[in-house]
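Look at the two complexes coming up: chain A is in both, with chain B in one and chain C in the other.
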Partner chain A sequence: MDQTTTLNKKYISTLSDKDDIGNLLIRSRKLKDRLFKIAAMFFSFITIAMVFLIIGSLLAKGLKQINWAFFTQVAPDTFSAMMAKSSGQVIPGGIVNGILGSIYLVALASAMAVPFGILIGVYIYENSKKRYAAIIRDIADILQGVPSIVIGIIAYIWIVVPLTKGYSVFAGSVALAIMMLPLIVRSTEESLKMVPETLKEAAIALGTPYYKVILRVLIPSSFSGLMGGILLAISRVLGETAPLMLTTLGNPQVNWHIEKPVSAVPLLIWQFYNDPNMVDLIWSSAVFLMGFVLILNLASRWICAKKKI
Partner chain B sequence: MFILPLDTIHEGSMKFLYIQLILMQVNSDKILKRVLFAASLVILLIAAAMVFSLFKGSLPSISRFGWGFLFSPEWDPTQGREHYGALLFIVGTLLTSVVALIIALPLAFFTSLFVAEYFRGTKIATIVSTLVDLLAGIPSIIYGLWGFYMLRPFIVTLGLSPQGFGVLTSALVLAIMVVPYATSLSNNTIMMVPNELKEAAYSLGATRLEVIRNVILPSARSGMTASYILAFGRAIGETLAVTMLIGNENIIPKGLCSTGNTMASVIANQFGEASGLQLSSLIEIGLLLFVMTTLINAAGKYIIKKIA
Partner chain C sequence: MTEMNDKKDDSILSIEHLSIRYSDDKLAVKDVSAKVKKKTITAIMGPSGCGKTTLLRAINRMHELYPDIHTEGKIMLGDENIYDMSTINLRRRIGMVFQRPNPFPTMSIYDNVIAGYKLNGIHLKRSERDEIVERSLKNVALWDEVKDSLHSRGNFLSGGQQQRLCVARTLAFKPKIILLDEPTSALDPISTAKIEDLLVELKQEYTIILVTHNMSQAARISDNAMFMYLGELVEYDSTKDMFTNPRDPRTEAYLTGKFG
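Up next is the complex of A and B:
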């Protein structure tokens, strides 16, 4: 009798001990789980805070210099900037030579990269089973990973030295075009893959010649994807500075000659950064560049998301 | 009597038209195939010519210094006793990129868990991933400006280095720059983990952390590794932001707060005024950079291909 009660007591006590341990285990597991979730929220918050910190601090510093002259006048020389600074005025002038130069460079680069990019993208899409097409795709991926400064060296060797015998718009736009090409190739291929096979088959069944299938069916139905890819590529190269430093150098005046140097907004920022008298202009130019690039970036995302077949 | 010839004429011309149409179509298809193939040759040619030009441009330097170029820490452009070696730039580049990756790793890891697991499919996740992708859109020079005017004074205040330039400053900015590259692919691989596996784990009483550790990470590990490798490749080639922050001093960095120089920065700084052997050495550094990024990207792509 006694034995059984002690046994019972023992049993009960071990049970409750076990229960305590079990509770403790569960509690520690739940605690760990909660801590991990807090860590995830914390680090994501830091990442997001960085976005706001960078964009916010730029806006706070740069918005006040942006006025009408900013978009209509060329960049000031060091002397006039110094004079204005010493007398406490706003630095005169703007960045119109950079804005026009950037547009010129990117337009020329797009004219080179977009047609070839789309053709190559269509080729990879059409021959996706072939080994050769897979190699072309891999090459596009490799080109996409090449650092922009190396592309600058290439454009220098190919264009600046033998062709234009000096820094030029052409060299800069070739560098940007090489950077755009793989982006457009891959986005074209990806958006063509989204077109339902049945659409294509229907067109072929009607006896449509293949170039018309591409022009009238494939491209129109993947148009938003193509445009999104092109805009994204443009937004990527618009802010590129390093390759332009080796190819177009910069120009204090607006220039339309293809074999002469031209300025670009990122090049102007680099120039302002190196010139202590022009510090005020850095921020407004940086805000302008970032705003332009981010708007293009968001627009490409919006276009891509808007239309799904 | 006269209906017959008309009919035959009609039929005959139609036949002729059909044949012509079919011929045209065959022809146009052939032309199209050739045009597409010719276009594909363009990108092949660009890549091949790129390697060729870089190699040709660096030949004078290669023939002069040989393999010693990789291991010599001396960079001396003084006329008469010119000597160029890339070691200090290689060390600087690898050090900044590795430190940047170490800093970016927790940010990217937890952000992709946040987007692809904890708040998957919610509005908050969309907003967070859009904002993170915006980081990839900000131009390099703007990161450089931000680092120079905002982060550098902060580093000085902390007393880490007198001027605020150095490996740590550049690595911090680089880390922010590569976070979007590291997250976007990780997000996809985490989302690809089959729901059944996760549900099975939950039904056995696993907590979320245990599901993440025992189900999600094992099956998403290689994809996440690939995304970090690709981010590392990005960090290595980054030019202007690093140039503005590293201090551009031609020494092997002695520590995290020491200044130094990187491969991309030395090209950006000296290419404009360089000529002769110096130019050739800079091009050889470009070639090295090309080879390094290509190998790293190829490794990342290989891992991705193995998953798919």
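Up next is the complex of A and C:
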């Protein structure tokens, strides 16, 4: 503030002898421009610094735990962790039950949410002027705003209690699918809207039946948008903890039975947090989760770049 | 206006009392009757908003994409009413080229040419496909320019080349009639001249109906011309007669640049 006024005075004093108001205005505008630029740079620097700080501290604390066992062995029990800790060694074991569990949950959730989401998105896009479509769109928006713990409760009541009679992969993936669905619906609609109408007409003018216009022209033309939406939805639910606590609980072993509980990386982080002997594993698990999301993002970019649409 | 219609001869398409409205109040096409002669270029002219596009799209029923549209009258292709045909059959026989070039960006040049077959699930042998692609691209004088990059996407093609690719895509079906809606309005003069030459060339095998609001284009390449005004077909005559001796004062006003 002080600096601004002195700077202004300086400009005014150098300009006043020229007696050129227009020039003065331009100067002050240029000054504001510069101040704005500096402010913008400053805040973006803070943001970037924060990101690097997070990554840096995670790596600093977590890197020593990342080894072969980390990706191949299940989480240790608290006793062996304590033993390792007290003798100053790296905690044995890894998070493979969480990694495979997360992949299992997300894959199953995607298998449910992606086809449904795309179909609903296509429907809304095709009938955008109808009331029914508008209602569905609103419901999707509301669903997107529902707290994930609430969705966990719903899945608990609908699946865990009556269907699988206990915590299960299925219940967890249904909860995640419900969270992914609105994201995929909206991203499908938005990316279909980006396809020029003329392309659709070109296909129709060739006598193409309508479902093929959608499958062979609209969806391929908006492929990168659809892919982006799906990967975004996946990375959103990958870190979810609350709904999984109510639906899959966790599992010290690797599990492939759909009606049995399973672990997940964020669930393990929560467990490590609650066990003073295993705190060191939090950091490495967090590094892994972040790396996984990062790889998904890079993959989606790579796919889009390859498709060049 | 009925001058052309009186000459009972080799017409391929007969529009009979066609009226079209988008919504309840206003007719976009008013009781149009016209016979289109085989293997000619027929131009549809008129100021913008007079119904040219609506009339053209009615000929292969593309206008039905607008949900509330209402159509009366009929269009006979040979002795079949097109409104009784399946749109798939109809659109194979009456192809369409649009104002802006619209090749499929996700398909290679090769696949764009045979897109009609692919999208309709019509299976072709490799040799048949190759033959159709080569013939169609040669027809539009694009073969030499793209024969080495058939299997790459056409994004590097110029606007004029893309438009010729779209004509090739239409020709691949060997249609009887090709409809074109201001196909050169987005192109530069050199590409425009190439498309015009192409249309004159294609006339030997195909019937061409061309919407244009460029009078000199109609004069240069069309054999017959329709003049539409406010949804009405005001005058339909041989291009030469219309340009030298318009019968209706509204046609004359248009041709002398009084409106448009």
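The working rule: the second predicted complex is superposed on the first by the 248 of 309 C-alpha atoms of A that agree within 3 Å, B and C clash if a C-alpha of one lies under 4 Å from a C-alpha of the other, contacts with A are read in each partner's own complex, and residues count from 1 in each chain.
Heads up, the rule we're going with is that contacts are C-beta pairs under 8 Å (C-beta built on N, C-alpha and C of every residue); 3 or more make two chains touch, one makes a residue touch a chain.
All figures in this text were calculated on a predicted structure; none of them were measured in a lab.
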Notebook entry, point to check: Between chain B (first) and chain C (second), which, if any, makes contact with A:Ala133: first, second, both or neither?
Noted result: first
Note to self: Comparing chain B against chain C, which has contacts with more of the residues in chain A?
What the structure shows: B
Margin query: In the overlaid three-chain picture, which partner chain does A:Val217 touch, first (chain B) or second (chain C), both, or neither?
Written below: second
Notebook entry, point to check: Which partner does A:Pro209 contact after superposing on A: first (chain B), second (chain C), both, neither?
Noted result: both
Margin query: Does any part of chain A touch chain B in one structure and chain C in the other, and if so which residues?
Written below: 207, 209
Notebook entry, point to check: So in the complex, which bits of chain C are touching chain A?
Noted result: 60, 62, 65, 87-92, 95-96, 98, 100, 102-106, 115-116, 118-121, 153, 155, 166, 169-170, 173
Margin query: Applying the document's contact rule, which stretches of chain A touch chain B when the two form their complex?
Written below: 29-30, 32-33, 36-37, 39-44, 46-48, 50-51, 53-55, 57-58, 116, 119-120, 122-124, 126, 132-133, 136, 138-143, 145-150, 152-154, 156-158, 178, 181-182, 185, 207, 209-211, 214, 235-236, 238-242, 245-246, 249, 266, 269-270, 273, 282-283, 286, 289-290, 293-294, 297-298, 301
Margin query: Applying the document's contact rule, which stretches of chain A touch chain C when the two form their complex?
Written below: 196, 198-199, 201-209, 212-213, 216-217, 220-221, 223, 307-309
Checklist line | Residues of chain B that touch chain A when the two form their complex | finding: 24-25, 28-29, 31-32, 35-37, 39-40, 42-44, 46-47, 49-50, 53-54, 57, 106-111, 113-115, 118, 128, 130-135, 137-146, 148, 150, 176, 179, 207-210, 212, 230, 233-234, 236-240, 244, 264, 267-268, 271-272, 282-283, 286, 289-290, 293-294, 296-298, 301
